[in-house]
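Each of the two complexes below includes subunit A, the first together with subunit B, the second together with subunit C.
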Partner chain A sequence: MFGNTGKIVWVDLDESAAQIRTLPDSYYTRFIGGAGLAAKIFWDFGDFHAAPLSPQALLIFMNGPFAGLKLSGCSRSAVAGRSPLTGHWGDSSCGGHFAPELRYAGFDGIVLEGKSKFPCVLFVEDGLVQILPAGDMWGAGVFDTTDTLRKQFGKKSRSLVIGPAGENLVNYACIINEGHHAFGRAGYGAVMGSKNLKAIIVKSSEPRYLAADPESLDALRRELDSRIRNSVTSQVFHENGTAANLEGAVHMGDVPIRNFTSSFWEEMAEALTGSTLSESYLTNKGACAFCKIACKRVVEVKEGPFAIPKGPGPEYETIAAFGSMLGSMDLAATCKAGRLCNDLGIDTITAGSTIAWGMEAYEKSAICANDTDGIVLTWGDLDTVVKTILPDIAYKKGKLGKLLGLGSFQASATLANDSWQWLTISKGMEAPMHDPRGGGHGLALTYAISHRGACHTANPMLFMEMGACYYPEIGFEYELEPMSSENKPESALLAVQIGAIENSSCFCQFADREITIPEWVQLFNYSAGYGWGLEDMMSAGLRVFYLQRLLNYRFGLRASDDDISSRLIEPAVDGAPEGIEIDFNSMKRRFYELANLDETLGIPDHRTLESLGMNDEANLVWS
Partner chain B sequence: MVKISVKPTGIIRKFTDQTILEIPSGQNSEDIIRLLDIPHDVRPIVFVNNRKALKNQDIVDGDELTIVSLVMGG
Partner chain C sequence: MEYWKDQHEPIIAFLKLFDKAKQDQELFEGLKKVNQLIWFDYTEDGPDCSFYVDCRNGQVTSQQGKPSEEPDLVMSLSADDAHRSWSNKLNPVMAITRKKIRVKGSATGLLKLAPKLKKVALIYEQALNELNFSEKILK
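And then the complex of A and B:
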């Protein structure tokens, strides 16, 4: 086998035992790798009745075929399973340094089932798999744990670690690599915690990547790496990080302000934008393995109430989630909040959004002092967020910590009052920091149809609407107007296929938009030897998109769940999108027609599944 | 000739400073982007008097232009 190794580490934590399993070659060519292959593994082996945090739940880490290749954007991997935040199928993507090391150690993925009888860590070194006691690391923060693991397993080892939030089963606990890179969304840190697994460590003796056509691959790799490095957008992100254009985004109405109640705040934009971060707190630039973009930030806040030592800095999502969303323009506070979330192991998007929802609910008396043990929720009060709320969430401490630790959707359901009106979600997951009303109406559609919930990385719709990528070979030649529904369903159908290819090959969206469709096909063929034509690749993307929907169907979701909070589509009250309607229902109806989705069940018809060779899946859901 | 003000935001500042321009009448928003030599790669769009400019919208005396890049991340 080329690119992939064909080997999976399958761990039964009930028995503290591991075995090496192989998957048929056809699984790779049909479901690509990463998120797609994880979906297929769950389809075949998962227990659909198992609660997300039960021992029977499967947790699946999966590389794509490019992991280990020395190319910008290739060093991501996927984690997948039933999400404790949403209750249905989900996955999450993480960059950093884990994916190449796992490939070099000889494996494509790790599947976990059961629950260890003691807090443990999983150590994978070349062909060797060990389950070891976590000892004093259980209870420790992510940074200390990562340091301890480096000392114990060597500087060349790479780790995935959960913090106290994961141990305490917080619904949106995340998993952190090297203290800086996160499987952020959907709560898989809690799933690790439920299995008594503190960390996974991988180590290899040599960086081996066996390509199908090494010579052609190397030429293509050099060409792509140069193009990715030299593109204007890469240079922008390199210089000032992913928040580099926060000011421009505010003018467009893309940046959510005070729980999406406002779409324009110029002073905040200047205070939080990437160049301000560079001038005020940046000490170094960071990168995922082999990446020439290096969009990561290393920061130090030397003084003041939010002082932090040199270390991982915030990306755009974290800056907006703990800045504009909470009515704050204190950049140092976003650095501190982001650092704290990394150490506690909390997803910054859901944390910021849930606190923003809480602030609005408190302001409107849907949450009262009795619900918070007297803690006052006030827009812009980052002092309370950092000192009290985030630690309380991670340790499920007090009424407020327990409530907000559920995530906004479950918290609102617990309150059983009108606080649901201020949710900003789809399928139980909080929207990222891109407001569809200004960022692009197509985002409203793709948030709603995303399998894991409101998500801007499930597919490249955001980039397609801003004109950052063109795919003429598959018919995407539109110059889309973001604040319109014109051509959005048609674009979304292409976006979900490309998104499935991205997230199954585990490629970074910042890098891969420089790659043309024919080059994508070449990459798969030269590296993994898939032997694809263009149609084969697009079909694989569509197959993965459908399989993820079928998984959700088996978890009980239907077409009516492809919905989005009214807050995210109601006319904005200010800024560029002021007063503009999003025609969500028409876009959804048209997308359903184009994708052959049943208007009640939300799944593709039998014939469509058959055309993709998904006969078994079709027979199961349509029987 | 018409006199307009131009305010670059975010990464557009890499290409132009805030400025007052005197331009021939009959120019549109696309012309201004070309005049200021702002590369297409950064997906520049123009707001005129705080409203997003229509495609090829004519620029008139006294207009206040804000130029925004659509390059967004995160």
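And then the complex of A and C:
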């Protein structure tokens, strides 16, 4: 096998045992790798009745075929399983340094099942797999644990670590690589915690990558790397991080303010934008393995209530989630909150959104002092967020920590009052920091149809509406107007295929905009030898999109679940999108027609599945 | 060219735009923050069809032609697309993606101007009116 190794580590934590399993070639050519391959593995081996935090639940880490290549943007990997936050199928993507190391160690992925009898760590070194006691690391923060692991397993080892939030089964606990890069969304840190697994460490003796056509691959890799490095977007991200255009985005109405109640706040725009971060707190630029864009930030806040030593800094989502979303324009506070979330192992998007929802609910008396042990939730009060709320969430401490630790959707259901009106979710997952009303109406559609819930990285709709995509070979030549529904369903159908290709090959969306569709095909063929034509690749993307829907169908989701909170589509009260309606229902109806989805069940018809060679899957769901 | 009768017309219009923009306090402050020497290169429409703006050191000056110093940023496009762009009728991200605008150097400074494009378009319209180029105004 080329590119991929064809091998995965299958760990039964009940038995403290691991075996090396081989996957058939067809799994790769049909489901690509990463998120797609994880979906296929769950389809074949997962227990659909197992609760997300039960020992029977599978947790699947999966590389794409490019992991290990020295190419900007291709060092990401996927984790997938049934999400404790949403209760259905989900996945999450993480950059950093884990993916290439796992590939060099000889594996495409790691599947975990069972629950260890003792807190443990999993160590994979070349062909060797060991389950070792976590010792004092259990209970420690992510930073200390990462340091300890580096001392124990050597500087060249790479780790995935959970913090106290994962150990305490917080629904949106995340998994962190090298203290900086996160499998942020959907709560897989809690799944690791439920298995008594504190960390996974990988180490390889040499960087091996066996390409199908090494010469052609090397030429293509050099060409793409140079183009990616020199693109305008890359340079902007390199200089000022992913928040580089926050100021412009505020003027578009893309940046959510105070739980999406406002779409414009000029003063905040300059205070939180990427260039302000660079001028005020940036000490270094950081990068995932082999990435020349280096969009990550290393920051130091020297003084003040939110002082932090030099270390991982916030990216756009964190800045908005703990800034504008909470009614704050204190950039130092977002640095501190982001750092704390990394150490506690909490997803910053769901945390910020859930706290924002809590602040609005408190303001409107749907949450009262009795629900919070007297803690007052006030817009802009980052001091309380940092000192009290985030630690309470991670340790499930007090009434407020327990409530907010559920995530906004489950918390609102617990309260059983009208606080659901202020949710900003789809399928139980909080929307990221892009407001569809200003950012683009197509986003409302793709948030709703995304398998894991409201998500801007499931597919490139955000970039398409921005104007950053041009794929004439597959018919994407639309000049989209963000604040309109015109051509959005048609674009969404292409977006879900490209998104599935990106997330299954585990390519960074900031980097891969420079890759043309024919070059994508070449990249798969030269590296992994998939032998694809353009149609094969697009079909694989569609197959993955459908399989993810079929998984959700088996978890009980239907067409009515492809929905979005009214807050995210009601006319904005200010800013660029003020008063503009989003025609969500028409977009969804048209998308369903284009994608051949059953309007009640939400899954593709039998014939469509058959046309993609998904006969077994079709027979199972349509029998 | 769709909008211009010769290579000089667009430069007259664009220099007028920058002259007027400098008079506007908000745009002047915005331009100073760009802090770069930018060459707007429309030479695909004629050898003299270009101008530069120097926003460095707290000053803003603009002049026809290529700057004698190495620019921090070069924006190459057609004079027609420049007209659409200053009229806020061209999505700059889309234009870059589709290679209608070619960028060399750091565009970070220009992002500072992105929120002001609506205002720039208004001032451009005034500039066109003052130059008796009203028929060129894009609606």
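Everything below uses one rule, namely that the second predicted complex is superposed on the first by the 623 of 623 C-alpha atoms of A that agree within 3 Å, B and C clash if a C-alpha of one lies under 4 Å from a C-alpha of the other, contacts with A are read in each partner's own complex, and residues count from 1 in each chain.
Here is the rule we go by: contacts are C-beta pairs under 8 Å (C-beta built on N, C-alpha and C of every residue); 3 or more make two chains touch, one makes a residue touch a chain.
This is a predicted model, so every value here is computed, not measured.
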Clash-or-fit label for the pair subunit B, subunit C on subunit A: clash
Touched partner set for A:Y470, first subunit B, second subunit C, both or neither: second
Touching partner for A:G439 - first (subunit B), second (subunit C), both, neither: first
Which superposed partner A:E247 touches (first subunit B, second subunit C, both, neither): both
Touching partner for A:V236 - first (subunit B), second (subunit C), both, neither: both
Subunit B versus subunit C as contact partner of A:F510, first or second or both or neither: first
Which of subunit B and subunit C A:Q548 touches, first, second, both or neither: neither
Touched partner set for A:N4, first subunit B, second subunit C, both or neither: neither
Superposed model, subunit A: greater residue contact from subunit B or subunit C: B
Common interface residues of subunit A - those touching subunit B in one complex and subunit C in the other: 232, 236, 240, 244-245, 247-248, 251, 269, 275, 466-468
Interfacial residue positions of subunit B with respect to subunit A in the complex: 9-14, 39, 41-43, 45, 47, 51-52, 66, 68-74
In the complex, subunit C residues that touch subunit A: 91-98, 103, 106-108, 111-112, 114-115
Residues of subunit A that touch subunit B when the two form their complex: 231-233, 236-237, 240-249, 251-252, 254, 269, 273, 275, 295, 315-317, 319-320, 432-434, 439, 462, 466-468, 482-483, 510, 576
In the complex with subunit C, residue positions of subunit A that touch it: 232, 235-236, 239-240, 244-245, 247-248, 250-251, 269, 275, 466-470, 479, 513
